[in-house]
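Below are two complexes that have chain A in common, paired first with chain B and then with chain C.
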Partner chain A sequence: MTGDLDRYDYLDGNAAAGPLSEIFAIDVLSARGRCAACGRTDAMATARLLPHSHGLLLRCPGCSAILLRLVDTGHSVCLDLHGLSFLELRRQQNGSQPNPPQPT
Partner chain B sequence: MRTGWNVAEVIGVTQETPTARTLRLRLPGLAGHRAGQHVDVRLSAPDGYTAVRSYSVASAWPGDELDLTVEELSDGEVSPYLVHQVAVGDRLEVRGPVGGWFVWDPADPSPVQLIAGGSGVVPLMAMLRAHATADPRSPGAAAPFRLLYSVRSPAAVYYRAELDALARSPLVDVTLVYTREAPPGSRRPPGRLEAPALAASTLTPAENPAVFVCGATAFVETVADWLIEAGHSASRIKTERYGGTGTSPGTRP
Partner chain C sequence: MGIVSPGFFGRRRRDDPALPPGQYLTESFPVLSAGPTPRIGPDEWEFTITTETGQVHRWSWDEFLALPQEDVTEDIHCVTSWSKLGTTWRGVSLDTLFESVESDCEFTMAHSYGGYTTNVPLEDLLGGKAWIAHEFDGAALEPEHGGPARLLVPHLYFWKSAKWVRGLELLRQDEPGFWESNGYHMYGDPWREERYW
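Right, the complex of A and B next:
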């Protein structure tokens, strides 16, 4: 499903940090992910979050393919990551900072 | 970082503007947070209906307290309650602070350009406050900070007195752009931010600043496009969009 995105009807992937913080021990939005459809590789926080979608949906900002889908039914959480061909998670460097500094 | 939902107590409320209020929360166990992070707030009705919204943290303290500044959205489910009804002593369900992307790191010596549209100033204020109180030995403490704040009218400006005080630092520059109503005697007539004004009042691409843009989605899109056209690298621009309607989880206010 591409080309159906209303230009302004989305948020940054960063807005999904809360729900994802309950599943991942580190901030997965600072990780670099590669879109399985177009190969674009960037921080997951740059993906587009579609707030009206069923569940939580992160789409590639390049080709709008679905990168990550999270559906929370209350008693279970389903995570669909088949739109990602690669995810680079940086190791935590100290206890107080969940995410390492960005390179400059 | 705290995980899952926790109960925060409202320990203070401050009216920022006629439509925005700062809530000071105490979140037991919290030991500071990163500047630019947000929290999710969950309100539950007696029938089990819940509404979750994200709000940026405005403060930058090391302890278990934090400030949220909430702008009322007339058709919102959550913001009118937070702006008009919540009182000191009330409890709120809070998740976070979360987010490791749209954050300023005191270890980064880069100059910083902050660009706010309206209530988008909130997480950028946390960065300014973190910068002002950073350990002088941290590389970021000596970094120049610039804020470009696009705002409807003088009455809609958040944190006015504190911004004036911060701007007295030789490292800090604050520029306000009024879009609907300018203060008396203002040199610039009110009007939307345009690309030339943006370029004139922000750090140049040659200075290679870390750029943080926060505001309504259309504002953020437009500004990010102008910055890239002006020669800033997309990889140096971090954005946080507020969305439009406030009727969906994840949108704010």
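Right, the complex of A and C next:
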């Protein structure tokens, strides 16, 4: 669905942190995602979320196309990522991370 | 009397036989929306029924308003658990719109301005069970509630009553719509609590 982005009330993608942290081991909202519709690439936290929807939807802040759909049915979580053509998930840079494998 | 009080959970079905299981009564009219609200003027609005042969039946806003109008009072049930009883609508019965349509299909897909879709079996649209509604509570249907016109199929969960409807596509086989493709039930009978897959 598309429309006039300035004419609806939305939250930023951080509002999706709770449901997403339940199923992803890393912080998806700090990842960079590319909109499959318009190609805009930005942090997922910049996506837009309508607070009153049947399911969790993150929309592109550029063209309002849907990037991510999540529906919690109670016994399962349904996740649709077809609106993302690319997602860059960065490893945390701290001392607790193991060293990358070295060539032998 | 039991030792443990059932507590207060709002007005549930136990108190009102008009409420399906798991529903609570609301007096307000909550707005649920998956995206920006389309603003469709009468000049650009049209409603179509497209058959399996590709034949398109088309009504402009004026042609739609010239059809026989019905005033209906119906209970509506949202999958998010609120129900609103005795809502009043004005619109055109799908029986009227399908009078001139010939098809062997048993299923339909409703398409909305803005891209939303939802699937409804044809038999659930006929027999005085569904309308294209353009008034709510005696006033023009507001865009936030699906105006200028929405599908009204009150015996199914309200996500099937597509806001901003622009057409029905007849299908030989049932196919999932927007929510049905990601967790929501293909049929959505509130009395059987058909919320999810």
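By definition in this document, the second predicted complex is superposed on the first by the 89 of 104 C-alpha atoms of A that agree within 3 Å, B and C clash if a C-alpha of one lies under 4 Å from a C-alpha of the other, contacts with A are read in each partner's own complex, and residues count from 1 in each chain.
As a working rule, contacts are C-beta pairs under 8 Å (C-beta built on N, C-alpha and C of every residue); 3 or more make two chains touch, one makes a residue touch a chain.
These numbers come from a predicted model, not from an experiment.
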item: Partner touching more residues of chain A, whether chain B or chain C; value: B
item: Touching partner for A:S21 - first (chain B), second (chain C), both, neither; value: first
item: First, second, both or neither for A:L49, with chain B first and chain C second; value: first
item: Overlapping contact positions on chain A, where the chain C interface meets the chain B interface; value: 7-8, 52
item: Sites on chain C touched by chain A in the complex; value: 30-39, 79-80, 114-116, 159, 179, 181-184, 195-197
item: Sites on chain A touched by chain B in the complex; value: 7-19, 21-22, 26-27, 29-30, 43, 45, 49, 51-52, 56, 96-99, 101-102, 104
item: Residue ranges of chain A touching chain C (in the complex, touch as defined); value: 1-5, 7-8, 50, 52-55, 57, 59, 64, 66, 69, 71-76, 78, 80
item: Contact set on chain B toward chain A in their complex; value: 1, 3-4, 31-32, 34, 37-40, 52, 54, 95-96, 98-103, 105, 107-110, 210, 217-218, 221, 238-244, 248-252
